[in-house]
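First chain written, first letter: the chains are A, B, C and D, and each begins at residue 1.
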Amino acid sequence: MSSRSLDLQGVSTTFTLTGEFEMQNIDINTIAQSDLQAVKQNHALTLLHEMLRIRRFEEKAAELYSLGMIRGFLHLYIGEEAVAVGAMQAFGQQDRIVATYREHGHALARGVPIRSLMAEMYGKANGCSRGRGGSMHLFDAGRRFYGGYAIVGGGLPIAVGLALADKLQSRPYVTACFFGDGAVAEGEFHESLNLAALWKLPVLFLCENNLYAMGTALARHQSQTDIAMKAQGYGFQGEAVDGMDVLAVEKATRRVADWVRQGKGPYLLEFRTYRFRAHSMYDPELYRTKEEVERWKERCPIATFQTWLRQQQLLADTTLAQIEAAVDHEIEDAIVFAEAGPSEPVEDLLRDVYTQEG
Amino acid sequence: MSSRSLDLQGVSTTFTLTGEFEMQNIDINTIAQSDLQAVKQNHALTLLHEMLRIRRFEEKAAELYSLGMIRGFLHLYIGEEAVAVGAMQAFGQQDRIVATYREHGHALARGVPIRSLMAEMYGKANGCSRGRGGSMHLFDAGRRFYGGYAIVGGGLPIAVGLALADKLQSRPYVTACFFGDGAVAEGEFHESLNLAALWKLPVLFLCENNLYAMGTALARHQSQTDIAMKAQGYGFQGEAVDGMDVLAVEKATRRVADWVRQGKGPYLLEFRTYRFRAHSMYDPELYRTKEEVERWKERCPIATFQTWLRQQQLLADTTLAQIEAAVDHEIEDAIVFAEAGPSEPVEDLLRDVYTQEG
Amino acid sequence: MTYREAIRAGLREALRSDPRVFLMGEDVGRYGGAYACSRGLLEEFGPERVRDTPLSESTFVGAGIGAALGGMRPIVEVMTVNFSLLALDQVVNNAATLRHMSGGQFSIPLAVRMATGGGRQLAAQHSHSLEGWYAHIPGIKVLTPATVADAKGMLLAALQDPDPVFIFEHAMLYPMEGELDEDAGAADISQARVRRQGNDVTLITFGGSLPKTLEAAEQLASLEIEAEVVDARVLRPLDISTFLTSVAKTHRVVIVDEAWRTGSFAAEISAQIMEQGFDHLDAPVARICAAEVPMPYAKHLEEAALPQVGIIVKTVQGL
Amino acid sequence: MTYREAIRAGLREALRSDPRVFLMGEDVGRYGGAYACSRGLLEEFGPERVRDTPLSESTFVGAGIGAALGGMRPIVEVMTVNFSLLALDQVVNNAATLRHMSGGQFSIPLAVRMATGGGRQLAAQHSHSLEGWYAHIPGIKVLTPATVADAKGMLLAALQDPDPVFIFEHAMLYPMEGELDEDAGAADISQARVRRQGNDVTLITFGGSLPKTLEAAEQLASLEIEAEVVDARVLRPLDISTFLTSVAKTHRVVIVDEAWRTGSFAAEISAQIMEQGFDHLDAPVARICAAEVPMPYAKHLEEAALPQVGIIVKTVQGL
């Protein structure tokens, strides 16, 4: 862990710090060398903050689910926060994000307002999908967050199409497509990788390999378990990254996002990670042992990053307390917002099936 | 070409000579060493005979199509005969065959009676599918010929299931699954290879890479054009074979069929071949040059094999004439049979939608 | 015993009594089934006969067809009808056609089970009711068990059938309690069934809408309207005669179907009743279906989108 | 001009007038389209805008949806409806839902074209008529051009529509000759159209069955029965009012639909006419549909399986 470094070298001229409510672009060239350490610290703390925000948001969501305030399917990302947070650093405002049904983390890391997210899970009209989508279908056009796909593998062709649109319009944007290890078995994975490679489309395939597709372990659903290697079958590159290490995720994603942005075609990253919680709120977890889960929890991406930050003298106890407080406050505020949110009138049931014209 | 050899070594104790109307099993151990040369010659001539039979059958079918006697879609196999004939030598009576819509060659090489095949294409009740299937849907339960799939890729899961049935019943049979290069792009290719490998099923995936999927050249539909190599992505082996060389096809298929039969899991063979005729009878062939076709025709699997047989003193002019005459006679007989065949009564339109019970 | 337990009992019985039977699908083994229908079966029958599949609906449904061709009696669980769209090519183009297009050479004794329906706030991609689509396909049979007895009995019947049978288990029914005879065997799968007698109106429904319809009938009874409730049970082949017998008595029909209205299977039932029972009808056949909207997540919107007891009562009153 | 040429003219016009339009699908480029609809377009517009895809229906339809989200106006050709089963998940779960489940944030201006129907002895896997299934799905529009004018006009209309539009071109119609105004633009896609006036019976149909139905009407005229022929044109949203106007005049209806009878779209039309026009009906609405059999190859069997002029005439006479 201590071998990690916060490396801003070799990054394109602008990089993105994702704040709670907005995204800032900082031109690295304008930063005085003396300020760089501050920027680094600031960035590192942002990463921590982002991960904690997701963790606490979901812990709260689980509570609210037990209370019946949130319903439907709820898939928690707890344990995998380093992936969404680290990867999302690599994308600019014009880049596009496609995610799965386990996408609270991606939405938050992308800057989808936490209020609109919570309201969505309450099914309120001020939710990010007007309460029509729920936990599995978060959308935010302004942040180019394209959802929210609950059919495993179903988002990949969409991502390929978004990238095709950018290529046809000669825009230097990247489409980031998140999906699980389970999706790798679906035909659409194969078809999408082939098409993206064939047409050299700017898609970054980001596999969150948490070792299980629901209750089916990787080795029970993949005849060949090295996912990164599968890119070779389509003539492009893939690599595996430690998905429990936010800095490793950020670094790798930045590097290959640039590569993709340069028009060199798609790239596959496999993030090796683990889901600490059940698949969904219904899952009795018969398929794995408590010990296995405990072993992985020792590698908690937040706890280990905190330890490392402390070792590097980048995190004071007071700072952590401040971050925790800010997160708690933000979540409480989001709940208030959601609870106060209006319900869509039943008369509007049929709205947004088709585009209202004129 | 002259480096080829008719190698019966290392073949399992029985091998199959496919005759026109029946299949014979000969126990190689009972053959006196002195008779082996005769057996070899006999076998070689059988291969030639089989290929010629397919060629002439299809030339006639094309004629009959122009005359309106055969209708629907007609996909000719001309140029690819070495694949079906060579490969089919490797399979015993209990093995199972799954093919595509371009399957006259496979049906004939498997021993489906030419009469029932011709009658099928005439849409007659004495056809191998009672006139219900036509050219794209040839079936013969007795010869374990499971069709005849006109949805590209659609036969692969069926083959996987047949192999699963054999494995579950501890039977040492192989399921041979033929498909085109175009099918490789479909999701079912990926899913089927994964499942077969994961469950170590006795399927032999036989890709007939004729360089085109309809009018789309291999490099325009595959980002990575080495098909044999794709097996690696599923953790098993694949290899490419010269599909214009009937002996090379036979040898490779025998070898890997044994391997599969031993329970070692699936195997992928890619036969590099070429279709001399249009994709179907409607195809104006705008997508390739006459020169390209002519170049491939120089490698005609029948002509080159004849030349080699002559060089080896295995084929006399009179023998060839006899074979040609036998084939012509057989085809004429089949046409007579088809023309005389009864049409299914219209009142029976709804038969065989469900199984008649009791 | 619950509907879920009845399915499990059916699975267990089938696996015990016929070595050719095996179960495959996503998470049927170690997880115990997304709806816990197969919990315990892996332990009893082992991984050869209770097989977890990768996420690859088209291929494992196709493999089920192939295994049936190869002499087995597969039970394929497609977790939900929503994902079955990925396998529809295998259903329409292979399962339903292989017998016919081979001129009757092959039978495909395959049972496919899947959860269907809405009502749990699972939103637009997880709430489909597409059994009506399946019922459009000649060559397969389509069952919609709505009672605990049918949950088990129809599964056993499907396994005795030589042709592909698709069983739609409504997700809201799994926890439903009901009677089940210990040694109840295969159910009849040729006929609809009158679940409640009545002379004033015929309510035809199936699957997840049966409990709602029965409840509506109770409410109507308190309003002095005696509704006859007919459970279609089998959507293909459809038993129209049971409907007609009832219509000849009541002269009024309301069909309750959770699918979107346009192109719903309710339309088929309506059309057939008109075609064959026109002279018995005192009023047009009415349909209560889902609103034509991808299912919204919010509870009040989902409730408004789906057929409910209240609207059934109101519709009957307004006939 | 033929129906095929009209489609080509529409494609060319769309590609010329809007740089966001592009065409993709299997063999649309070098081959010129399986039905030759796009012949010459690769040469005119180049491989960026006329894109041959690998065989991967689910992904290139999904990519069409994505490209529409990304600001393009894709035209996706799925060679035939038979293969579109492989893409149905993308249609039902993405194209039709994304607008709604994002709370209206996105529109998907996508046009998908495909050939449909039987009649060419292509047998059980290549003869489906599934446009009725598509018409079941809220969130998409479904067009069935049956004339040369609609072949072009509906394509242009689809491209002006902000939502996903599916166009079903009946394979038997491609060589059909008809009138087309040189500068005819987008067609109206909100209404059914009366193709022949008559007072005695209403024949409702769409797509490939229109020519047969018009021919039947001619034969009926010689029998002194004046049939009104209504071309539904748009299956979703369905223009029931044009049907009702005609029924109010004729009091008798026959629907001709090439799909299998059970669960056909004809059932929906029948049900709606009953629901809204019950009092106008002098006889039950009749349906002429395909026989419930996977399409057999043999010519005489295929003919017997499909609606034909003779049976239309006979059915009307028997009303």
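In the analysis below, a contact is a pair of C-beta atoms (placed from the backbone, for glycine too) under 8 Å apart; a residue touches a chain by one contact, two chains touch by 3 or more.
Given the structure is predicted, the values throughout are model-derived calculations rather than measurements.
Novice: In how few steps can one go from chain A to chain D if every step must land on a touching chain?
Specialist: 1
Novice: State the chain with the largest centre-to-centre distance from chain D, centres being mean CA positions.
Specialist: A
Novice: If you average the CA atoms of chain C and of chain D, how far apart do the two points sit, in angstrom?
Specialist: Here the centre of chain D sits 30 Å away from the centre of chain C.
Novice: For chain B and chain D, let me know how many angstrom lie between their CA-based centres, rounded off.
Specialist: Going by mean C-alpha positions, chain B sits 38 Å from chain D.
Novice: Give, as an integer number of Å, the spacing between the C-alpha centres of chain C and chain B.
Specialist: Each chain reduced to its C-alpha mean, chain B and chain C end up 41 Å apart.
Novice: Give me the residue numbers in chain C that touch at least two other chains, ranges are fine.
Specialist: Within chain C, the residues that touch at least two other chains are 53-54, 56, 58-59, 82-83, 86, 89, 93, 100-101, 123-125, 138-139, 292-294, 296-297.
Novice: Pull out every residue in chain B that's touching 2 or more other chains.
Specialist: Within chain B, the residues that touch at least two other chains are 129, 131-133, 137, 149, 151, 154, 185-188, 191, 194-195, 198, 220-222, 353.
Novice: Indicate which of the five shapes (line, ring, star, complete, other) describes how the chains touch one another.
Specialist: Looks like everything touches everything, fully connected.
Novice: Where on chain C does chain B make contact in their complex?
Specialist: So the residues of chain C touching chain B come out as 22, 48, 51, 53-54, 56, 58-72, 74, 89-90, 93-94, 98-107, 138-139, 141, 162-163.
Novice: Quick check on the complex: what are the chain C residues that touch chain D?
Specialist: Per the touch definition, chain C meets chain D at residues 58, 82-83, 85-86, 88-89, 92-93, 96-97, 100-101, 123-125, 128, 132-133, 135-139, 236, 238, 259-260, 262-268, 270-272, 274-275, 278, 283-287, 292-294, 296-297.
Novice: Mind pulling up the chain D residues that touch chain B in the complex?
Specialist: So the residues of chain D in touch with chain B come to 26-27, 29-32, 34, 39, 52-56, 58-59, 82-83, 86, 120-126, 291-294, 296-301, 304-305.
Novice: Which positions of chain A touch chain D when the two form their complex?
Specialist: 96, 127-133, 137, 139-141, 146-151, 154, 156-166, 168-169, 187-188, 191-192, 194-195, 198-199, 351-355, 357
Novice: Any idea which chain A residues touch chain C in the complex?
Specialist: On the chain A side, the touching residues are 71-73, 120, 123-124, 129, 131-134, 136-137, 149-154, 182-183, 185-187, 213-217, 220-222, 282-284, 286-287, 343-344, 346, 349-350, 353.
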